[in-house]
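Chain naming follows the written order as A, B, C and D, and within any one chain the residues start at number 1.
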Amino acid sequence: MTGQTRYAMIGGGEGAFIGPVHRVAAAIAGNCRLVAGALSSDPERARRSGEAVGIAQDRSYGSYAELLQRERVLPAEDRAEFIAIVTPNHVHAPAAIAALEAGFPVLIDKPLTDTLAAALDLQAVALKTGGLVGVTHTYTGYPMVRQARALIAQGDLGAVRRVSVRYTQGWLAKAEDASGKQAEWRIDPARSGLGGAFGDIGTHAFNLVEFITGETMTRIAADIRAAVPGRQLDDDGGAMFHLSGGGRGTLVASQICTGDANGLEISVWCEEAGVHWRQEEPGRLRVARRGAPEQIWVPGTDCAWLDASALAQVRLPSGHPEGYLEAFANIYRDFADAVRGNVSLHPAYASLDDGLAGMRFIKAAYESSAQGSAWINLNGDIA
Amino acid sequence: MTGQTRYAMIGGGEGAFIGPVHRVAAAIAGNCRLVAGALSSDPERARRSGEAVGIAQDRSYGSYAELLQRERVLPAEDRAEFIAIVTPNHVHAPAAIAALEAGFPVLIDKPLTDTLAAALDLQAVALKTGGLVGVTHTYTGYPMVRQARALIAQGDLGAVRRVSVRYTQGWLAKAEDASGKQAEWRIDPARSGLGGAFGDIGTHAFNLVEFITGETMTRIAADIRAAVPGRQLDDDGGAMFHLSGGGRGTLVASQICTGDANGLEISVWCEEAGVHWRQEEPGRLRVARRGAPEQIWVPGTDCAWLDASALAQVRLPSGHPEGYLEAFANIYRDFADAVRGNVSLHPAYASLDDGLAGMRFIKAAYESSAQGSAWINLNGDIA
Amino acid sequence: MTGQTRYAMIGGGEGAFIGPVHRVAAAIAGNCRLVAGALSSDPERARRSGEAVGIAQDRSYGSYAELLQRERVLPAEDRAEFIAIVTPNHVHAPAAIAALEAGFPVLIDKPLTDTLAAALDLQAVALKTGGLVGVTHTYTGYPMVRQARALIAQGDLGAVRRVSVRYTQGWLAKAEDASGKQAEWRIDPARSGLGGAFGDIGTHAFNLVEFITGETMTRIAADIRAAVPGRQLDDDGGAMFHLSGGGRGTLVASQICTGDANGLEISVWCEEAGVHWRQEEPGRLRVARRGAPEQIWVPGTDCAWLDASALAQVRLPSGHPEGYLEAFANIYRDFADAVRGNVSLHPAYASLDDGLAGMRFIKAAYESSAQGSAWINLNGDIA
Amino acid sequence: MTGQTRYAMIGGGEGAFIGPVHRVAAAIAGNCRLVAGALSSDPERARRSGEAVGIAQDRSYGSYAELLQRERVLPAEDRAEFIAIVTPNHVHAPAAIAALEAGFPVLIDKPLTDTLAAALDLQAVALKTGGLVGVTHTYTGYPMVRQARALIAQGDLGAVRRVSVRYTQGWLAKAEDASGKQAEWRIDPARSGLGGAFGDIGTHAFNLVEFITGETMTRIAADIRAAVPGRQLDDDGGAMFHLSGGGRGTLVASQICTGDANGLEISVWCEEAGVHWRQEEPGRLRVARRGAPEQIWVPGTDCAWLDASALAQVRLPSGHPEGYLEAFANIYRDFADAVRGNVSLHPAYASLDDGLAGMRFIKAAYESSAQGSAWINLNGDIA
């Protein structure tokens, strides 16, 4: 339908994890439609993958360069309106820069890039071209995460004083786990960039802290390592941090936590209440106020008491569970709307600045760990 | 893409709840595509609704009769391959019969029809035409429901001895709740048919019992009422029942349970283990065996120990919550496959026989209640 | 200390389950002290058991008759002030009647007696002698059960409309489970009385319904059986019931629910909120109100917002779990206080009338089941 | 009864929190009996408190010095067999030293003393006298904590790789909360010693880590502060640590976490499984193994599959919740047994060495925090 924003995808071909997630998310969103793709760096695989996902043969390209070159000259009513980039990390920056220079807005899977330098290059191009850049931090697409942010932003919970955030997975717990398309590039510095677990999932944890508290992380002291012998990139780490408003916190990011699946959870203790959320039970926000029974907030189109920013991200009445794909869909919906000029007040996608902050977080965390857990400012100076 | 099965929808226009659920489910399924519709019994509304959901103008029809008449003469490679029926209950049978007679397979929202007589008419036509009929009982699309069924079917849990199933909602708790498009027809006997809460959600509970246990409900003693003054249809009831294998159970179906959202939950106690599932936490199957710590089974593409029938319904690695829409998507996926001739071993959609059993359940439950909770066989004779 | 009320115990010797529970409960209560006992019907065992629990040798008696005869003539400042009866059911009535006639208040483990006739005899003696009779229904000693009752009694939750109560255990799931001192008498009609599972645990479920709702159960339709071949008494059953205020409910009492430990749980749906409690997580009362986030009420001496009747039963600050023994201790504390003339407004022990109602419940349930689940009034007439 | 070990209590008079907990715990334990006390440093209050708890008037003393002097000369069959010390922290060492020198074993509430120097003095006296010293670390008395330790000790879970432990409370969240007998001394350096929150509850978290992992904490980097303006002692802090076996972890100890009650929780990820426990739900040990459904272990005298060290600490069948007081009772039971010469294989009380390790933990944590979170070895050297 003409109401649907057309998009092209770079990366996400056969065997990928996050590519299909993006495509299903876009389908749930309902306001965007996949029209072109360069789904693999291998041209034959790219075309085969394109066919499998319903991209017309003449718009399934063998490289992102070809995609950009050919799409930009299509009639305005046909050509892709934005580019989704779901490649391994080291391709994010070159592809995004090329897309921006070709005039396309880009929606990039996290982390923004492989290195901070690449991220700054991307920022420069974005500023120069004025092109829209979004980052898919998934978890900010959950309604209850938005409700948490809103409750704290409203101010009556008081200042944030302590945060505990953990992102623990077990899928790289052993040396033999690092096979398969997903694992392979994540543990390869050339493709993954600076960060292992701290880059891959630590950035999600970091983003969640800043998103929910509405504050910035100012400094960090980290203790990061590769726990599994022979790994080049970190797979396990902890950190302490300070927030701009005076609060303090701890952060764990680990992919060797056997038995954990996708264990992202956060507790934010404010002066008047604690706010608690777990990704694996996303429709349940625990709010424990001082001097009153604890509350459980749930999403639902019938929950009129939710903040507008949360309510806008819900599709179904309460009691009908929505999950990871729906959270992702909210990101696509808001980004597709923004591309058409309808920028929502609290878009579900993360901004370029958010993505850059994530890169600074990774860099500071590794620097701290390398310096015996010294406190490092997120702007790079020693604290 | 050519791999996608084309479908048309009857009902589900502006303001409907279940119509959009079907369409998003189909989008998630990925193997089917909405190409035509008669989305409202009001022609103008039907066309407007069709446009909003991306149906081409010339395939958005003003009535289901028109839809069937026009689609059947389209070229085979264009015309809808099956019809989804998401109208109020009283339209299910006539629309489905007409579709079957026009040569279309039909996927019908539950309950199958408004009355048992209508269901038997539909059955006769299905037998005559040989057309495929599926019913969307949603909850059988959840992977952990399928895992529960598989665990019991494997036999090492022993015979089913007791079942407790409850489907409790609060959205019709008060007289003033019965406004709005969804509530309105559900409490109107002319459109909803015999059943109020027992028809609307009791049939889900019934279907879940038979699906998970693999047995049939043989007799029932029910105590059903309209609790809110002035209602013509029941909104609250309880029942006791017997199963074909000798087990016994209790069932609650109520839409006046204030504070409950979509509270479907079931416990099945077998000789060697109890199996417990709640729709609001669908990715968590509790299995409590005799003489061992309790187990929590979860879905995930990485959970190789799941039964094949459950694993086939999962899209994401463990820890990435899937919900109601994904369960529904599994139904669409399996039905669209079946229409193309690929019938899966354990399809996620309910069969015509399942739908008919549901109608017999409703009828027996109301008869029992009318007769002072006398035991009634589900085939209609007094027990 | 002189502040402690002295008590004697009948039953509860070596190998018993509930005797030690009573004694530890009394120790936790702090206001009562065990001074005498006839702990077994076997005199030698009685004396040996008495010594093991610290009863002075000269006050460890070989029969309850001897105990009553000897204690009644002791000086007032020495003799037992009340008698706890923890024998198998068939001894409750004769022992309690003898104790009342000897001038002692009695605290009796549930169910009150083995038969309704015996219960009525006991009532007659209690009325004649004016002696205090208490029944230990354990679960009414939990603070959150009392909070539930208080919330409903306050009236702003509106009328009770539906109740679901289940008491499911698995410890008699198989024929071979019925050995051991506890199981043995419970499945023997001569010692257990009319009821198997419905008597042993169904009465707890019944009592909990009446306690929390503040209403009386007026009629019942039940479906009870011995599921394990060869058993004389029921081990599994379900029921539907009506309440005096117009609400309706379902009840399950079963001891063959494999994998369940002590699964007592209740949901009470009122017009404005649902109230939910589970014995295995006793410090957590879920209150789901219409149009607001759900609340979790917890016990704690620091939870000033609790009802006085709940707060009075808590020993520790919130977050310090209290359990089954502490609930039982509340019963002892209140009964010992009452014996000394300090009757609390809402005592934690059940009254003789409550105990009698329990016997009427058992009788009505079995009559209904024997009559094809016909509705039976709890006063004994066919409904 | 003669089987009961006699004990005297120092501290724990009117208004105290932990004194009554000790006394009820001893009553539940069943094998010990309070015979003497110096319950307050105010002689009149001491006598009044003694009377209230049933201590004979002539054994209620006005000071601990008087208590020790008078009790030591009583006949062996009458005098207290051990001394429980439940005073504010600064009295622990002098009272315990005096008691040991008078020939009494001592059971001391945690933390062991107010300063490390005092703890070392105490150790010296204990070594000299050979007197038994136990510390009440409460949480090691929970059966599921012991089961966790046993599962890890058995070795098939593999090496510990990451630990997350948090002890978060909200009862000192605001300046106005620091009134009342309990709060008052805890925030006063003269009576509480070096530690605020890290001493009061951080030591529990530390002890739990060492107890469950069976390893020692080797170094720590901490970030501790007084978050509430005007406080002299810390009320909030986080830390990172290393374990002797190569594992790493994070620790939070805070008393300003609004909405939290007694939020002690620990996750230990080993190579083959994660082990998770929360004090507020103590009868539920989550064990998530690689490649299998998660397990929930529960306590119960009927759970024969539990480790003997866990089973020995359970009083009731599964499903009958035991809590904080029962955990404490296990400590008293084992200590009273040990005083009589029956030292259990895995006693529930912490040893003097455990207590000393706790003091080293406090000291190292504060030193680290004062040095910009530098890594500090727990033996005191800079790492």
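Throughout what follows, a contact is a pair of C-beta atoms (placed from the backbone, for glycine too) under 8 Å apart; a residue touches a chain by one contact, two chains touch by 3 or more.
In UniProt terms, the chains line up like this: A, B, C, D = Oxidoreductase.
Small disclaimer: the values here were computed from a predicted structure and weren't measured.
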Most remote chain, CA-based centroid, reference being chain D (Oxidoreductase): B
Please work out which of B-C and C-D is bridged by more C-beta pairs in contact, and write that pair. B-C
Distance between the CA centroids of chain C (Oxidoreductase) and chain D (Oxidoreductase) (whole Å) is 35
Taking each chain's centre as its mean C-alpha position, how far apart are chain B (Oxidoreductase) and chain C (Oxidoreductase) in Å? 43
Where in chain B (Oxidoreductase) do residues touch two or more of the other chains? 260, 287, 294, 298
So that we know how the chains sit together, what is the shape of their touch graph: line, ring, star, complete or other? complete
So, in the complex, the side of chain A (Oxidoreductase) touching chain D (Oxidoreductase) is made of residues 161-162, 164, 166, 168, 170, 173-174, 221, 223, 225, 227, 236, 238-240, 248-250, 252, 254, 256-260, 267, 269-274, 287-290, 294, 372-375
Can you list the chain B (Oxidoreductase) residues touching chain D (Oxidoreductase) in their complex? 287, 291-298, 304-305
If you look only at chain A (Oxidoreductase), which of its residues touch chain B (Oxidoreductase) in the complex? 1, 3-4, 17, 20-21, 24, 27-28, 30, 51-54, 169, 171, 260-263, 279-282, 298, 300, 302, 315-326
